[in-house]
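First chain A sits with chain B, and in the next complex the same chain sits with chain C.
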Partner chain A sequence: MWDWSFVLEILPVLAHAAIISIEATLIGFVLAATLGLVLALARIAFPSTALPISVLVELIRSTPLLIQIFFLYFVFPSFGVTLDAFTAGVLALGIHYAAYCSEVYRSGFDNIHRGQWEACTALNLSSWTTFRDIIIPQAIPPIVPALGNYLVALFKETPLLSAIAVLELMQTAKIIGSETFRYTEPITLVGVFFLAMSLVSATLIRAVERLLNRRPAR
Partner chain B sequence: MGIRTLIVMLVASLLVIAILATQPAYSLFLPQLLEGALLTAQITVLGALLAVVMGVLAALGKLYGPAPVRWLANIYIEIFRGTSALVQLFWLFFVLPQFGISLEAYTVAVLALGLNIGAYGAECARGAITSVARGQWEAATALNMTRGQMLRRIILPQAFVAMIPPWGNLFIELLKSTALVSLITLSDLAFKAQEMNQTTMKTIPIFTLVLVIYLAMSLVITIGMRYLEGRASRGLARGRTV
Partner chain C sequence: MTDKPIVRFDKVSKRYGPLTVLDSLELDIFRGEKVAIIGPSGSGKTTVLRMLMTLETIDDGVIWVDGEPLTHMERNGKLVRADQAHIRKIRARIGMVFQSFNLFPHMTAMANCIEAPMTVLGMKRQDAEARAADLLDMVGLAQKKEHYPSQLSGGQQQRVAIARALAMRPKIMLFDEVTSALDPELVGEVLQVIRKLGSEHDLTMLMVTHQMGFAKEFADRICFFYQGKICEQGHPKEFFGSPKNDRTKQFLHAVLEAG
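Up next, the complex of A and B:
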């Protein structure tokens, strides 16, 4: 039933594929964190964009990521934008999670005391300085755990890229399965890998949370 | 987002579907897609029922069960939250038969998604149960209720109200993750879309319709849960009113 020598045989192949999964996670999350911040800042800087942005966020959050991946991969070529599978997948991951992250940033900004904004105005700080030196340093630390949770969530969505044949962990496991007719070991190993990674990152997030909570109370 | 905006968005998305249905390039695909959407809705509803049952049971087990039940609940929650929904689907679909248990794709879909969302729901339910004020337990003890009575009559009805908003988010997650069942051969909305895309190559109409249909379905869930939230919190000094 469970063949350890087969496990040893496929382990290097899966390990190589895991690197692709991790790459997709990191690039996707950098995209999500940056784009999310841009969306959240745009809402504050230009109040007239608040409604279109919240409709956009709602649209992205309420349609499946799989369909968005298909949309980028299959529909964009008809607009003349052809993306390779990895780029389309990572872009979809990034945009999808940017919608979630922008809400997290917004909650961070909403939690800044009004007096902080007023003090900045009183001190005649430019809006750039206000954001860079006063608002962001106070707004970001409390939301790091929430962002961390989305990093883990994004990591767990990377198997979706297998649907457009990106050679990440899941796709590699499926290929091994269809070549050898042994699905037990590859798919179980993928599951164990994800479980291990999520448990490790959950511990890391808790550690970061504790570290941030030690900062002096505002 | 306010409930009015949500209703406007739902009406707008239904209008878009209705307008597109009059266009021959789009109406061609609509019957098939709606058939797929029906399967998506079925899996969502059944998965949601399973998720609620599993979530509440796991939360109660984790909070009040004897040690073995507590471990079992913890293992269930960690495994299903720790691995991807897609990996769980594939595991039940491809690996379980090798242990002699063959399930239909439909059963696998409901089981995997229900158990997955249930594990997240367990944490919501646990939070809601522990958020019920201590005084409620003390009052129930003072009235000489048994533990079962306290939970059933006093604690769970109040925890239920606090559970509605996070469960609403989870149901949306569930609806979206049903798109994964297309990868284990079930002909849901996403499957129909891909199938027709491969045969006709009419990518734009197909995927536009699919996105709008998913949007409408998740708006129905959001609005429904908001309504439920308003109804359930009547007479309580918490929650928002519609």
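Up next, the complex of A and C:
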């Protein structure tokens, strides 16, 4: 049933596809973390944006990621925006998780004591300096675990990109399967890969947490 | 007192919904004056400081600082609500120390004291550090420069907060119940620093306090607030010696009773 020589044969192909999956994850997450922060900051800095942003966030969180991927890839061209599959997929992942990340950042900002903002006002700091030097450095460390969870969740959703034929792990495994009529090894290997990578990321996130907690804080 | 006031509350009102916290307040404070604001809780005394620091907006009236409007600005000969740039310009003359210290917990005492001078005043790190070192020395914390707030006692934290506010060279210092969060044995060291400030610097000081003894000895004037109005004010000698208003008498009686 399980053929090790077949495993060795397809491993290089899958390894190459794994790189695509990891790329999609990293780019998608950088996008999510950045855009999420921008959304959360905009809400505080420009109160008039709060309502439109919460509507947008709700819209994104309440519709399936797969639909958003299809929307960017298949519907956008009719508005004159044509994206290649990888770009559309990564963009959808990034935007989808930005909605979740923005809520995480928001909870981080909400946890900053009002007195910190007031001290910034009393010292006449600009809003930019207030965020950069006072609020963000205090708000981020406690939310690293939550952001880390979303990194792992985003990573585990990259197989959805196979739906628009991005040659990531899942799509590659499917192709191998349809060409050789053997699914056991490729699909199992994909599963093992995700398991291994998720465990590795979880360990890394814990290391980052420990690093951040080492600094004395109140 | 024919001098121009450095702070003027001109018919200033503050309301939270149906609740009037301050009712058409008129109060002039003169250069170098030390004013202690006392009164029962909910009398609006802390709100006075918070409005002056622009932590609260006002609903009516105008606050003037050093002859210029703080809450408003002149446009075509009329006073309109101040924009952020104007507020920042005028606010630079005011510093504040809070009941709960509000030090930045992720920064050392030194970093707390150089943050604003560097980012707001554009001072070079070296100059800002030299100034901060002098101030930390003045508040008796020369040895604690590299300590984080969590490594300092409440009294020490509050003294860092005073140094941090002074590093911006304000003309007016606001003290909002600065010893209320401290253990009794730490109150003295903070009051000692404020005393020193009063004698060595030409600062105008406004303090909300429950330390009657300190107010009596330190202030030039006591303002007693009751239900959003100044009920009685005067030189500490007269104020504590022969209060005229019944509410003042009641309050002083209650406070002195409690020790």
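Here is the rule we use: the second predicted complex is superposed on the first by the 218 of 218 C-alpha atoms of A that agree within 3 Å, B and C clash if a C-alpha of one lies under 4 Å from a C-alpha of the other, contacts with A are read in each partner's own complex, and residues count from 1 in each chain.
By our rule, a residue touches a chain if its C-beta (ideal position, glycine included) is under 8 Å from a C-beta of that chain, and two chains touch if they have at least 3 such contacts.
If you're wondering where the values come from, they're calculated on a predicted model, not measured in any experiment.
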When chain B and chain C are modelled together on chain A, clash or fit: fit
Touched partner set for A:G177, first chain B, second chain C, both or neither: first
Touching partner for A:V75 - first (chain B), second (chain C), both, neither: first
Which of chain B and chain C A:Q116 touches, first, second, both or neither: second
Included angle at chain A between vectors to chain C and chain B, based on C-alpha centres and rounded to the nearest 10 degrees: 100
Chain B versus chain C as contact partner of A:L212, first or second or both or neither: neither
Which of chain B and chain C A:L195 touches, first, second, both or neither: first
Partner chain(s) touched by A:K156 [first = chain B, second = chain C, both, neither]: first
Partner chain(s) touched by A:D133 [first = chain B, second = chain C, both, neither]: second
First (chain B), second (chain C), both or neither touched by A:P64: first
Chain A residues touched - chain C or chain B, whichever exceeds: B
Shortest CA-CA distance in Å separating chain B from chain C in the superposed model: 22
On chain A, positions contacted by chain B and by chain C: none
Touching residues on chain A, where the partner in the complex is chain B: 1, 51, 54-55, 58-59, 61-67, 70-71, 74-75, 77-78, 156-160, 162-163, 170, 173-174, 177, 183-184, 187-188, 190-191, 194-195, 198-199
Chain C-touching residues of chain A, taken from the complex the two chains share: 113, 115-116, 118-119, 121-126, 129, 133-134, 137-138, 215-218
Residue ranges of chain C touching chain A (in the complex, touch as defined): 53-55, 88, 91-92, 94-96, 98, 100-106, 115-116, 119-120, 148-151, 164-165, 168
Of chain B, residues touching chain A in the complex: 1, 5-6, 9, 78-79, 81-88, 90-91, 94-95, 98-99, 172, 175-180, 182-183, 190, 193-194, 197, 203-204, 207, 210-211, 214-215, 218-219, 222
